[in-house]
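Pasting the structures in now, so scroll down.
The two complexes that follow have subunit A in common; it is paired with subunit B in the first and with subunit C in the second.
Take a look at the complex of A and B:
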């Protein structure tokens, strides 16, 4: 009976899920070759059919791209929630840990090396991101505990270091500069099922934090208070840091650095459903997927056949929405 | 078995020792306060009891088990802590904040209790649906206390819970703690207000520079000499309206500026005596009737006084002692005391002292209420008059030490005042209208 007064989390989740569904449908239907809803239903139910061009465009190009955008959006949003609350700093985004810069360095190496046979750029980006997480982790370890403040400083430092190395590589590999710049800006253009498979690896990492919502709520009061209330803070912190790091590394490795999603989605969701993680995490996950899905749709349709970098679109879509919600205030 | 047993505990942050050889027991159901100056290790001690810090030496037992062997969740079920600083930048409902306290009790709501009922117990049930960020400081403090109570722990630790509260909220909080204690909780509470500590707590632990200076009932451990040693100031115990109060003066004893004898009575000298003591003079007074306001003040301040029986005229014995005190004094001050035949001998003594060359100052008010017709002798004897106490104190402040100035006055010598500071060596003698009689 004591839970009676608690606001239920389900209306928020249902709303976000509906929003994501609408985004999915729009993204799958709209494009250079628009589909009707019945065509969409037909393609989805019939599955990939060899020899059918429209079917092939849908299943080989549009579907993986849309799925990838939504997966990456969800990953960045969840990583953003975790890191903002661990750092107790609203300006934190998934990239402060340096993981994205490490991934960028890995991708740049992949691009300059011109290896073939495997999606080397993606693989090396993943390796670069995870390696950076490891280095930052080691730097922040003090007497058996992770110092969040040192972690932040180490992350920023490694970021600069990796960016400097990327710059050197860009100047060295002059003919690859364009490819590197495009990768750094972030895009879903030309991504297929291989990238979707990598992004799917992140799904368990998105689920794990959902089991730690109470701990995350309590840790909003600071690490010491969380200890006092009985939370095993170090264990929880490690688990969440690794989760956020892996999510970021995977997201960046498949599509480059897409800004604003990990920063602004948690804020927008917090303004709407409040800071309690039982709502904040699942709703952010769904909203992040929806926002990046829509952003990618706009990036490939607004000035078709050319594309606007998706990071530019996320900013154009997210910034006004964010400002509007901030001014309206929560539950005003 | 003691609820908490601290055994020879030492603790250091890095190489800086904070606590040394701390040993004490806390029995179940006790209501104990921790007092001590800033930096004496109070918060560190609380954190050690809650197992947030590990002792560098010795051990802390909670219910007989060393704190280092507890898991955090198990510890939270035994010990609840109300922190000194608590704020939350996130817009959570009060209900959500309070409920966080039940984390250590798991999902079993029957055990963990109800946030609304817990707030109700503290008399603030109406807060349950408010936003935490909208609350006042006092309300936040009660919400945090409610959060701690949700842990259902038998030991409640509090780190200066009253520091951000106004006086009415302070009293309400301590009454609540007393009630919780009566309900069976063991309470260990850091506080700064020694008078609250005297009134509310069964026992007090006095920490000084990382060591236990005293542990026991308040009237045993908050004796002025202990407070003076621990806080480095002067403390005075007063009894008023059936209660005991401590008041404080900043400077430690031993920093003497000279002896001043005050002639007063009926409360005309109480303020002056306190100010003189605080300024660093050795003060005596007389003749005062026992139980007179000034006599009580003098007793609280620990002054040397010539005292006569209550409501009796000054007798030979008291008069002789009074004259002796005046003789030893570097300065005699006559307060604006009403003069009657009962205390006329005090004025006569002051006149004689002035005539003998001792510096004597008087408040002009003494001339106003003279029913014995003796104050007229003061001016011819060379007594210097001041408008009021403030003027007297201002003049004294300017002079500082009285030691050398008096010798110069008495002997008419310019040299010999070497013990005083350079500032007072060339000061005018204590009696400007020189002794001409």
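Take a look at the complex of A and C:
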């Protein structure tokens, strides 16, 4: 167990990477039409073949879905780590900034409008999420610095406002109620390569924080102390906030609001590898991807051809694991 | 789950929505046993007793004269059996027949008000199951006669139509409606009864993909129209359906309900759908929602359309 020391971060990362690899293989192999490992190899090497049903299941449905679940899991976990540290609050999840509610409003508008041609629901969700980030940001900016406390309050307020508007739209657009409710619950069902492409935009935003692990470690001791130790607090704070906001907005726009991952993955990883961000960030990224990948696998296979909402599975998988680690962590 | 406030706001919204959502599914949904009843020749003079879809006995001393309907299907049935003139209130969603639109409204189907219903002083209230199930006890407590129309089969719909006719004292007309529904069933049977069944997928909703499973009159009608309902494999009621399984089972015919928010042209743009046999061979159809999802007399038309979609070869004149 490496705690706070400058011991190598690689064992933790290697373990999480191995976990993710196992999760990827399982997710690609298992499903209503299971594959053998040799079939998996065959499909991967042959690439998409138009007109072949088994190939279409693999390349058009299963592959993008698995990749999307893993990408979103990584995005939410990284955003969770950043925001828990910035707010110095263990109950923080990526949705407190109001970004998810803004995205929900955008998605709802997209669903109600019934425009065709482009994935409007996803695009408007992204716009709504980013717009909310901008509004909250402006509310919290005072004399050139960002007041974290005001940011939190502004985020909560915007969330309420956006939720109220979503409810109004839901009641107005009675026929779209089902689509809106399912969007809010979060799901990877029916998602394809278009959503994967959007989620991939977030990759640079997952990598940037990895270059600020020293600053993040120091800022855990409070802004004042960090200033004394020569950290450019405001600059770092801004960069991290935008990063977490964009990650959340992208994640929510492609799959709706999936709870628990962004809250609990950072905690679980902290219990295992300790609070140093050199391990915490990359391991959370990989573990978030693995957890949501596994959760989606269960979501689509346990009661197939029906599906369990993935948010329900993340909670069922994550909650017992979290409680176990909390108890073990206390004893250690 | 996080205990932060914004999430709680969403939870409230979702719960609210879920309640109303249950209502949306109602037109089609049903889980109760539909038991037929044929009381020996209830004359116009004596009391009329029938058993509704929920198994309750409904007894009227004389034919109803003031009827309130709480579902578009119920309104349609009342008009079809010749009791349109006895209707004193319907719902805001009533759209068929045209005369139903101008009726006073007792509520909006998912959220009926007991006070509002009572204000019409009805001697018969036609409600449905699902979200309206708890309403029955409240109305009965106020002394109202309540008949639940919540059939799970085509035959169950005919039974309810006959029963409403008895309660309204318009049995002759109701029997004509039932006879024409039986005739439609016989006609379809004659056309497709001897043909090999075709695997058929019914899309009730597209986001997420949702179908009609066992215990629904839609599934019953797909079987009558010469199809094998793929949705039956997903369970009872209106389950979500995995698109992976859809591709694996590859139905020969794909029929979307017009309320599902999809168009035939959209299908091929969904991930993997362009590989479906039904899409490649052009066996994708859209059917009017009220013809297969509304348990009323027009199901006869829906049944005929289903048969034409599933077995077009049986309807082409040589």
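In this text, the second predicted complex is superposed on the first by the 325 of 332 C-alpha atoms of A that agree within 3 Å, B and C clash if a C-alpha of one lies under 4 Å from a C-alpha of the other, contacts with A are read in each partner's own complex, and residues count from 1 in each chain.
Keep in mind that, in the parts below, a contact is a pair of C-beta atoms (placed from the backbone, for glycine too) under 8 Å apart; a residue touches a chain by one contact, two chains touch by 3 or more.
All values reported here derive from a predicted model rather than from experimental measurement.
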So, after the overlay on subunit A, do subunit B and subunit C clash or fit? They fit
Reported in degrees to the nearest 10, the CA-centre angle with subunit A in the middle and subunit B, subunit C at the ends is 130
* To do: Would you sort A:214 into first (subunit B), second (subunit C), both or neither based on which partner it touches?
  => first
### Message
Applying the document's definition of touch, where does A:101 land relative to subunit B and subunit C: first, second, both, or neither?
### Response
second
Exercise for the section: Considering only the touch criterion stated at the top, classify A:190 as touching first (subunit B), second (subunit C), both, or neither. Expected result: second
Touch test for A:40: subunit B only (first), subunit C only (second), both, or neither? neither
| said: Contact-wise, after the overlay, does A:177 reach subunit B, subunit C, both or neither (first, second, both, neither)? | reply: second
Per residue count on subunit A, the busier partner among subunit B and subunit C is C
Between subunit B (first) and subunit C (second), which, if any, makes contact with A:242: first, second, both or neither?
neither
Superposition result for subunit B with subunit C: lowest C-alpha separation, Å, rounded to 20
In subunit A, both subunit B and subunit C touch residues none
Per the touch rule, the subunit A residues reaching subunit B in their complex are 1-3, 5-7, 88, 214-215, 217-218, 220-221, 224-225, 227-233, 270, 274-276, 330
Contacts from subunit B onto subunit A in the complex sit at residues 50, 52, 71-77, 80-81, 83, 86, 88-93, 95-96, 100-101, 103-104, 109, 112-116, 128-129, 147, 151
Within the complex, subunit A is touched by subunit C residues 1-7, 9-10, 12-14, 16-18, 20-21, 24, 205, 207-210, 233-235, 239-248, 250, 259, 261, 266, 270-272, 274-276, 280
Listed in rising order, the residues of subunit A that touch subunit C in the complex are 31-33, 50-53, 55-57, 60-62, 64, 91-93, 95-96, 98, 100-101, 104, 111, 114, 116, 155-156, 159-160, 163-164, 166-167, 170-171, 174-185, 187, 189-193, 257, 259-260, 263, 300, 304-307, 315
